[in-house]
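There are two complexes below, and they share subunit A, which is joined by subunit B in the first and by subunit C in the second.
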Partner chain A sequence: MTLRVTWRASASLVGTVLKWMTVPLLLPLGVALYYGDGGIAAFVTTIALSFTVGAALERLGDPADLGAREGFLMVAATWLAVSIVGAIPYLVAAHGLPGIAAATSPGSTLGSPVNALFETMSGFTTTGATVMGDISFDQHSHGILLWRQLTQWLGGMGIVVLAVAILPELSVGGAQLMDAEAPGPSLEKLTPRIAETARALWLAYAGITAVEIVLLYGLHHGGFAPNMGLYNAVAHGFTTMATGGFSPEARSIEAFAGVVQWVIVPFMLLAGTNFALIWQALTGDTDALFGDSEFRFYTGVLATVTALIAGLLFTGPTLDVVVGPIAGELESSLRHAAFQAVSIVTTTGYASMDFAEWGAAGQYVLFIAIFLGGSAGSTGGAVKMVRWLVILKSLKRELFTTVHPEAVRPVRLGGRALDETAIRGIYAFTAVYFVLFVAGTIFVAVDVTRIPETLSALEVMSAVAATLGNVGPGFGAVGPMGFYEFLPASTKLAMVGLMWIGRLEILPVLVLLTRAYWTS
Partner chain B sequence: MTLRVTWRASASLVGTVLKWMTVPLLLPLGVALYYGDGGIAAFVTTIALSFTVGAALERLGDPADLGAREGFLMVAATWLAVSIVGAIPYLVAAHGLPGIAAATSPGSTLGSPVNALFETMSGFTTTGATVMGDISFDQHSHGILLWRQLTQWLGGMGIVVLAVAILPELSVGGAQLMDAEAPGPSLEKLTPRIAETARALWLAYAGITAVEIVLLYGLHHGGFAPNMGLYNAVAHGFTTMATGGFSPEARSIEAFAGVVQWVIVPFMLLAGTNFALIWQALTGDTDALFGDSEFRFYTGVLATVTALIAGLLFTGPTLDVVVGPIAGELESSLRHAAFQAVSIVTTTGYASMDFAEWGAAGQYVLFIAIFLGGSAGSTGGAVKMVRWLVILKSLKRELFTTVHPEAVRPVRLGGRALDETAIRGIYAFTAVYFVLFVAGTIFVAVDVTRIPETLSALEVMSAVAATLGNVGPGFGAVGPMGFYEFLPASTKLAMVGLMWIGRLEILPVLVLLTRAYWTS
Partner chain C sequence: MRILVVGAGEVGSSIAGSLSDGHDVIVVDVDPERVDSLTYSEDVLAIAGDGTDTDVLRDAGVESVDVVIASTDDDETNLAVCGTVDTMSDAFTIARVKNTVYLDTWREYEGAFDVDFMVCTDLLAAEAIVRVIGLPTAQDVDPFADGLVEMAEFDVPANSPIAGETVAEADRFDELTFVAVIPDGADHAEIPRGDTVIHPDSRVVVVGRPPSVREFARSIDPESAAGKVEDVVIVGGSKTGELTAAALANRGIHPRIIEYDEQRARELAERLPGATVYSHDATDPEFLSREHVKDADAVVATLGSDERSLLAALLAKREGAERTIAVVEQMRYVDLFETVGVDVAVNPRQVTAEEITRFTRERRAENVAIIEPGGAEVLEVEVEEDSVLTGRTIKEVMADLPDGVVVGAITRNGDYVTPRGDTVVDVGDHVVAFVQASALDEVTSKL
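And then the complex of A and B:
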């Protein structure tokens, strides 16, 4: 039995990523120096460690040996490695170092290694589920809370590059579909080389983030959003484009004026859009975006879910939240409906209110939305729009061929016939997705019987779906105004695994568990 | 737009079925005459009506015009027609006729047309969900309660004929898979003509039912089961082979001695087995049965679920039911585990105890089991074993081709490569199944907010899964010791639809809703 995987090549590239992570770490370090409220030691330690470990790993092998197989290993290992190293600032800030006092006040939950790993994995996978009970500057320094936001922005950028430039090379993640699109946002058509593609996407991602920050901060200057200062504008810019959902405000976007919520909606919508199509639109080819069948389906779904929720909120029982009453108020109903529909469908996970206050109908609509997901090639998670679209079209075909058993009718997407292998792959992905959801639900449902808190089946299922789909908040105790800290450590570790495997389109992680991957 | 369906041919065959239904109706009529506790008028009326309507329908068209398309319509219309006509005894018994007193005591819930239709559809689809709050001879006559049992036996026989002889002709219901089996229990191999096949299956079905009745009544005679008299033996024989689950005892099989539970287990196992294979085994070819990959998978699943539940019951909190304590008792743990595992997986729905008393782990295992289902070609419902087996094999293949993108590797079942179209059809079926489950859950969850009772998410989901999968009891209020009567009429009607569509392998009913079916 010979090992057929040049794991040293994968390790070397993980090392390169760790080495480069020292650059973004300079930002929270700068913030820590500026505010002087703690965290300098935490970031200096992490920078030194990340650089040393990264350089050591880099020397293990030659990245030129990277084939498809090594690619799977590298992708899976990268998200694990950055989540472990990225947890160090939380731990150092909570416990201090010999001769250096802790930066975080003693009540913080981030001093536990499991909690710190959960929060970092939730960051880098752009999930946004949190174990922080008290999100405030009283407890955490400005540097630490910005690092939390930044992990999502970095994770989101990684995901865009992964989804558009790397996974298609490995024939994973709906890549076959993107190729089938006409005019398709496939790798070859976009730019000739991965590095160039990555740079283009990086530019679009950073540019849109900058525009959002400027707009949010502009609202503050115009007097429309008193609490949306520069820090908050940057912090939310970081987590919108990543469909991340972390907020330094304990009550998420409910803490801000209605106009802030309206401004964030189109950016969440963009974040859930295929970045290759955004890049094409930015370079003049808007037809590529508006003619894309996934984009049209995606916006149709968003409009439908928004309309459903708006109707329920408008006619439902009177609800009153921080930014005003809802029932019977048209703007307010529409705003919260659009905000929550777009936030959950794109898997951002921001909240403009605690939807646990909604009636049963609204909650079930939102629960289904947890499974929908953004577009392929976006930072959005969950099952993703293109898969649902293909499944719907394939089911329609199945009904037709039941009546006409001899008919040969391909499934068409964007005018082209889809390869049957791609359709099969989509069914397989969706099946594995729900198998993981069910297995996770059973594990968590049984595991939480060990703690005093009682969770309803809906709370358990929503928590599992929200971590596997990188959505973030579930319902009730694990909802947008709740947190995951009270769960048993074993449940939290399982969810770390769900966020990780869900973020990486499942298969690249699952194949690592097969013997065929290592030896055949 | 021309109609392309010769609906008169379908209607004619439905008429023939209604005409023939008068024959089994003679049995409860005889029982009513024997016991003299009411129901004679109910059955005489129904016999007259069924014969008249049947004869009228029969004249509408020529059954020789029946093609595949007319087959779908005939199958769907048959189950609807017998459920409507079969509800008449309940209604007449509850309300009486001019000059004839009611046979059922006034407190009965079966006087409501929605409830009567629910109970009859639940019978003919072998679901076993009940709206009868008080199942006792104090309230209902022996004839009426036997008719309830008999609807299941007739429905089960119809399903066997449908699954083995009719649906394969329409290329529905895993028929492609049965053809792929070697040695396959396909229609052609079994007997040359549908009528002969149907007769063979009928014989096996009736013969095994008779053996079970004799065994159960034998236990009574031997003094092992005082309350398993002839009436009860026949009543339970009728609903075991049908995987029906109705019982004239309010506490289901919990009402009987442990030995009765042990005797029923192998008959439920047989009821969930492909009847074509049973027929082959009975005629000497036991290798066909024991070498069949679905049968091996099926028994493996049953053994696994039994072992899991037995472990949980043995080590769990102390439970005490009618037939004795469980925790720490080996025989008792094994018996209840085997009984409930086999009962739920085969979709029989009998209960040896209220599993709402189990811990979370046991309940979740059982909840998953609601979706498993019996074998193709059996009276069992839900998704069915062969589909899960093919999905598992296909997912394994998907992992392999992720590592080896260029590899061509067919999915094998019983030594033969499966057609990719068949695999796709299985994914499509399973997807539609879960779409219906989710849509049903949302509808019911919202609908039940109109009644004073509060249902948990698990109760709602289990009720929807138990009706769609023709399992019968869900959890808690709709569990084996509960009933469906308190639900809103709209929910009960939706469940009538779920039982109907679920029983007929979904697609034959869904195609009726497409335009292609009627006109293209």
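And then the complex of A and C:
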């Protein structure tokens, strides 16, 4: 049996990415130096390790041998590698370096390697599920908590997209790599050169993030948000545009004023929009965005889910919650409905309140919304709007051809007829997605019988769906104010796998598990 | 005029034949046999040779001809002929093409390919079919301003509800102007006033937005136009069929297309969002009855082969379709088709030859339609800076123009504007006006 994959080429590129990972690590290191509350050793160690391992891997092979197959391996391995390296700061912070530095977060739940890997994978894949037991500056340093936010921002637009944007050696195979990583059925090139496209996407992404940070910090200066200081503004800017959902505040966005919540909603909406369309709109072609059928469907779904939940909250029973009265209050029911609907549909995972407090109807609507997802080419996860739209349209076609068997009826998206193979691909993806969801649910349901806590069906299903779809919080014990920490290690490792597979849209990872990929 | 025709196929010969009674016609064709037969059958000078060859063109006297008509069966050859001629002489070039892409380019960029006037065979055939389908009562329909405006001539039958009414009474449509009335037996068109009575058997000419023209057609003859045409079945997805479907869809009619070849059917379905495409054998009676072809208001057979088109049209007729229209490739079969039961036979080459002939006779750059008898014209002009119309109201302008002019419609930036006395005309507007033969020279110089 001979290997038909030049894995050395893939490994070499993964090495290059790890080497470059040292650059973003400088930011939390700087923060650690500024605040002086620990983390310097953690980041220095990680930078050294990342550079050494990266440089070693880089020597393994020649990146010029990178073909389509090696691309899949490179993308999948990159995400695993950065998640492993990214976990090191948490481990060092929890345990210290024997004889060199003391632990800065002694007793942190992230001291367990499985937990640290879970937290990092949840970060890079912009899931937002957390196993950090005590989110506070008493337990963790400013540097460590900012690194947690930064992993999401880096993962949001995509590590490989960023690599294509800055590494000249990826100019040829770059399109394939981006295709394997980018969310949605197909990649849109904005410019003749793929590196320029990647740069444009990152520029739009970074630009909107900057605008949000300025707005949030502006609210603080205006006196509307006393606790939204510069640190929090940057931290939330990072995780909104990434549809991440991590927050250095234990109570997520509930900790902030209503006006802050209103400001975050449109940015979550933008984050779930196709960045190619945003780029076109920014360069003057707003029709491309507002006329896009996926965008219209996406905003329509958001409006519908919001209206439904707002109605349920407005007419629902008086809730015993810390955020103040909701039932009968128009502004607060609308705000909490819009915030949660947009957060869950775009797979951000923020919460403006603990939705476990809602009535059953509202919770079920939100549970279904976990499967919707943002747009193709956005930073969102889950199945994605364009796939649902195509499925709905082709089902409608199916009904027509049942009556008229000879009719030839292409499925149209924005005036363009879709290729039948593309439609088949979308069905296949969605089917595999639900197979994984069911398989994951069964595994977790069985696995959690080993722990003292009893989980309800909704809790198990939502936890699996929220990790596979990179949403983050589920319901009940794993809800927005809860943690995944109490789950058995095997379940957490399975979820690490689900987040990884879910972020890369299943097929680039699953294909690695086939014999045909390696040998034929 | 001296006219050079390149390509002596059916279209070329037909054009040469009809133009030879008033002009000097020279024909160039690569096939010596055709050249021989043409020399004896028509009063033209026929030369054997390649029309893109400068020696042949010089032999044909290209430097002294006024018009060159490239009408071979090959698009690229025709364009090459026009390009070659344009570099050699100042002749006005006319090209016939099949591919609509060339036509679109030419329409978008004036003078593209060095062609001064371009006609597309399949498109002309499709337009002829749509006219027949769309306005069963109209005698002639001509589109203006990219189809935003239509001119139509109608005969008013004695039993028509508007027979005996005045123009003011009959004109119930906002976006429609009566530009001329031709009383039965008159030798020229008259400009109607509000109190002009529309007598039975007279002919009226209207200009307006296509939907209004259609509604007017219904008010003239509610019976024959009563069953509003909604359901059109196109049998055969040939290029003409495709263009017909596209033109019908533009008019809000969503045709059904039956095409045997699966790949072509898929292609049609992708290109024509407004149509429903079936991939099946159109001569299968069981299929025809299952898809209720008998309910169709019109069935168009465009199968590309005359035998099969005839068969399909007759089958549809027997199924119970109201009207059948067949595309006939061979000119000599036109009468035969109509004799055996096809309602209308359309021959693309004949339509093309007529269009080129008409255009060569009129030789005007603007879009124009001739109203017979009397030679009045409905013409379209784009308003320029120095036009008498610019920046003034229609009322003011009419005082400066001779009698015998009616402004029928205006389009501005692709929108229809109903002309009223106080409407101000801007530079860039397209004005569609009726002009009496006697006023033509003075009016065209002022507009």
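Everything below uses one rule, namely that the second predicted complex is superposed on the first by the 479 of 520 C-alpha atoms of A that agree within 3 Å, B and C clash if a C-alpha of one lies under 4 Å from a C-alpha of the other, contacts with A are read in each partner's own complex, and residues count from 1 in each chain.
The rule is short, and it goes like this: contacts are C-beta pairs under 8 Å (C-beta built on N, C-alpha and C of every residue); 3 or more make two chains touch, one makes a residue touch a chain.
Note that the structure is predicted; figures quoted are calculated from it, not measured.
Asks: A:415 in the overlay: touching subunit B, subunit C, both, or neither? Say first, second, both or neither.
Replies: It touches subunit C, and subunit B stays clear.
Asks: Once chain A of both complexes is superposed, is A:457 in touch with subunit B (first), subunit C (second), both, or neither?
Replies: A:457: touches subunit B, not subunit C.
Asks: Check the residue A:221 against both partner chains and state whether it touches subunit B (first), subunit C (second), both, or neither.
Replies: Neither partner.
Asks: Please name the chain, subunit B or subunit C, that touches the greater number of residues in subunit A.
Replies: Counting contacted residues of subunit A, the larger count belongs to B.
Asks: Check the residue A:59 against both partner chains and state whether it touches subunit B (first), subunit C (second), both, or neither.
Replies: In the superposed model, A:59 contacts neither subunit B nor subunit C.
Asks: After lining up the shared chain so the two structures overlap, which partner does A:395 touch, if you call subunit B first and subunit C second: first, second, both or neither?
Replies: Once the two structures are laid over each other on A, A:395 reaches subunit B alone.
Asks: Per the contact definition in the header, classify A:404: touching subunit B only (first), subunit C only (second), both, or neither.
Replies: both
Asks: Touch test for A:361: subunit B only (first), subunit C only (second), both, or neither?
Replies: first
Asks: What is the contact status of A:428 with respect to subunit B (first) and subunit C (second): first, second, both, or neither?
Replies: First partner only, subunit B.
Asks: Can you give me the overlap between the subunit B contact set and the subunit C contact set on subunit A?
Replies: 404
Asks: In their shared complex, at which residues does subunit A touch subunit C?
Replies: 404, 406-410, 412, 415, 417
Asks: Quick one: which bits of subunit C touch subunit A in the complex? Just the residue numbers, please.
Replies: 262, 265-266, 268-270, 273, 276-280, 287, 291
Asks: Taking the touch rule as given, give the residues of subunit B at its contact with subunit A in the complex, in rising order.
Replies: Residues 68-69, 72, 171-172, 359-361, 364-365, 368, 391, 394-395, 398-400, 402-405, 420, 423-425, 427-428, 430-432, 434-435, 438, 441-442, 445-446, 449, 456-458, 461, 507-508, 510-511, 514, 516-517, 520 of subunit B touch subunit A in their complex.
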